[in-house]
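Input: one structure, supplied below.
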Amino acid sequence: MSTPIKVAILGARGRMGAAAVDAVSAASDMELVAALGRGDQLSKITDAGATHVVDLTVPESSEANVTFAVERGLHAVVGTTGWDEPQRARLEAVLGQHPEVGVLIAPNFALGSVLATSFAAKAATYFDSVEVIELHHPNKVDAPSGTAIRTAELIAAARRGAGVPAAPDATEKLLDGARGALVDGVPVHAVRLRGLTAHQEVLLGSEGEALTLRHDSFGHSSFMPGILLGLRQAASHPGLSYGLDRYLDLGF
Amino acid sequence: MSTPIKVAILGARGRMGAAAVDAVSAASDMELVAALGRGDQLSKITDAGATHVVDLTVPESSEANVTFAVERGLHAVVGTTGWDEPQRARLEAVLGQHPEVGVLIAPNFALGSVLATSFAAKAATYFDSVEVIELHHPNKVDAPSGTAIRTAELIAAARRGAGVPAAPDATEKLLDGARGALVDGVPVHAVRLRGLTAHQEVLLGSEGEALTLRHDSFGHSSFMPGILLGLRQAASHPGLSYGLDRYLDLGF
Amino acid sequence: MSTPIKVAILGARGRMGAAAVDAVSAASDMELVAALGRGDQLSKITDAGATHVVDLTVPESSEANVTFAVERGLHAVVGTTGWDEPQRARLEAVLGQHPEVGVLIAPNFALGSVLATSFAAKAATYFDSVEVIELHHPNKVDAPSGTAIRTAELIAAARRGAGVPAAPDATEKLLDGARGALVDGVPVHAVRLRGLTAHQEVLLGSEGEALTLRHDSFGHSSFMPGILLGLRQAASHPGLSYGLDRYLDLGF
Amino acid sequence: MSTPIKVAILGARGRMGAAAVDAVSAASDMELVAALGRGDQLSKITDAGATHVVDLTVPESSEANVTFAVERGLHAVVGTTGWDEPQRARLEAVLGQHPEVGVLIAPNFALGSVLATSFAAKAATYFDSVEVIELHHPNKVDAPSGTAIRTAELIAAARRGAGVPAAPDATEKLLDGARGALVDGVPVHAVRLRGLTAHQEVLLGSEGEALTLRHDSFGHSSFMPGILLGLRQAASHPGLSYGLDRYLDLGF
């Protein structure tokens, strides 16, 4: 049995942070050594002997937190949203001084969602038609979802790269909106239904066959396996990795 | 064993008619006594001793065909499209002279489709949210499909009748078309995918649960069970019945 | 605006009871007047002026609770499991003395589940083939679920009643278990998957078409709409009603 | 515009062969130069100037056909079933003499099916639970299908390779068959439903999320895109390739 990964969680009192506290505590190969909330000193991390941090805080403090960790040789897994290009460039400069440290920043930690998107982009080059349906709870303010837009963009890029022609569509008599929103040429349909959480289907079709890739997220706990996988692999992926797919053995 | 139903099929050389010839021939409780195509004399029907006719012809000749049958005491199952109100009124007048004769005119003979639509309208009064997704081959010229529009209208009417409030939807940031076409207040999404035939899903949701009613039609053969059911029940439903649901024991 | 329904909840500190407290409190046509837990005196119900009770307690106390309510002219909605025939007979005797009182005892308060089962039994008489797939979290100890067994039994009874022959199946070379468990002649398949809660699909097929009825339950909150519906309709359904379908306008 | 691929189809009068004749004729980058049936001389292939052959014949003649082609420097795409190890070894010896020639032998030419199986094996290493449901027409004699068995075996191998523990399952009270057939530890459920053709779902689940990979085959035409892809890529894949996945850019 190897030494457990010693984890400090930042933002531990938020909803995601609390879930991470539970998930790390339950993992047999990890030890939760510190759980910091708003107002706690970052020195608690090093005092506790952490080798890894999970940052689930707010955009305003995430960069300072991660920089603190990297400068002390700690690996980091970052679920805080809002990291822009200049911030990532600054972090890479810091990582240049600590070449053994690995940082994973991911906009989406749901393994199934990341896999489904990768599979969809790959499969889309082999089919005539492709459309995206995303389904969410009715309190969501944006339609389509950011994930669906990104999925459609990746699909469109893959098809362009492979020289796939536009999907066939003979529609002449159209009720406005029926064929969805076009995202980079890919129709995206957004369903809002009480009872649902966050779901997405990519439908692909060719003569005589169809392939459907569906991901269901039933809540925040769906991010935990991805965060644990990040912690387990950060040390073997030095430098900055952006996107959980970098840690998945997808080969494409 | 009772006497077989003696069936004459009109329009027997069309795609639907040929399928009906096969279906009636295969039914153990029926006997195909005549199969008429364009140019055949209607007298062939009576010469052959038919007790029932199936009309799968064209709008221009359907009324004359059915009237001919009714006037001779034959029951009729009509899949030809285009019967308008005045035509049905004229047929009802003829049926008034032949009160024992039953005629079924149905715009849709797919049992599963008719059941799904009935179930959807019934269930829609018990759920907060309801949306329709229809999926067809990419050669279809109208979007959404006629069936989807009719389904949405029946759902909307049922909800109005039961005083159900509008489905919740917090969308503020919308990409045009993403939330589908609104048909009588019900969002309808149309997918066009090579490989598919004709499919429809009604999705219903409330706090903590969802109900999905999906119908798949894989081809014209899906109409045959409905036509056979019509033939079996026409004699016990005297007068004009419009819509296959009239022959189904749905209770609502 | 009519007078609100004055509700007392028994078993209010359990998981279901707490959800009911929230649901009744949030309903604009109801007023929560009492919330009783283990050890509370039943007199609290009448002291608070309740006109309806919800019993979400334990099998040992449910009969006494409901009898207490009925004897005082209060309507009751009962989600406690374990009511057997003798208990229901005794309750009906008490109800005979209070003919204006309505009691609903339901083994399943998820509206969508009750509707899906009713629809399945109805549709099963019109299709050649029918199978049931239920999908649950992996901590479930019984397979198939009680709901799936009951669904299969209702389907089988409906098909027997309508004289539908056995579903076709040419299987000769079988890996043990592949075709599911036969419940009254209907194949039932049980999937156990981490991440899921409680889900069921009834698949029906005939030549050229398929109909799929799927119900998803995402948690205990799915029972709340059924409990509220029970409260709203109990007064207009005097006597004992067993099963939520008795309150649904299904016509069959 | 490059020179069209000159294709000879062997077995052109069978069901698959006839579909291939249509598909090759419709492809803008191909030219059908010969269509051979039982009894035709193989010399017709070379007389017609073919550069590629498609073999859709019978196990008894397939090896001789393909050997004939390879010896004359023609590339081959083989959909005939029954190629065993000794046959493939003999063919590889012939190919050793013609190192520029490419031959693709594939047990399954449905692109979507091949992709779905690859994706399933890849994803299965990241999820706690995985099960397979296959759904076919009721005339199928084996249950589960060969494709489902192979999918389960590949999933099991991938999980073993990654050290994934067995899927959780608390079932204690089991109705025989309910949990499916165990194929290498993976539950496989087989549904038989009139109206269906050939369909397969792989369901994967972890805490809070599920991933579903579904493939629908609606008929033999689903094999044509795979055959065309084989023809387009055979020349750039010299030697013997077994399995269409060898020609897909899957990276794993």
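Order of writing sets the labels: A, B, C and D. Residues in every chain begin at 1.
Simple rule for what comes next: contacts are C-beta pairs under 8 Å (C-beta built on N, C-alpha and C of every residue); 3 or more make two chains touch, one makes a residue touch a chain.
Model, not experiment: these values are computed from the prediction.
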item: Same vs different contact residues, subunit A with subunit B, by half of numbers used; value: same
item: A-C compared against B-C, more contacting pairs; value: B-C
item: Distance-maximising chain from subunit A - centres being C-alpha averages; value: B
item: Mean-CA-position distance for subunit C and subunit A (Å); value: 39
item: Euclidean distance of C-alpha centroids - subunit A vs subunit B, Å; value: 46
item: Centre distance in Å when subunit B and subunit C are each reduced to the mean of their C-alpha atoms; value: 33
item: Subunit D, residues touching no fewer than two other chains; value: 127, 195, 204, 206-210, 216, 218, 222
item: Subunit D to subunit A touching residues, read off their complex; value: 110-113, 115-116, 119, 122-123, 125-127, 204, 206-225, 229, 248-252
item: Subunit A-touching residues of subunit C, taken from the complex the two chains share; value: 195, 197, 216, 218, 222
item: Residue ranges of subunit C touching subunit D (in the complex, touch as defined); value: 127-129, 131, 133, 135, 138-144, 149, 167-183, 187-196, 203-210
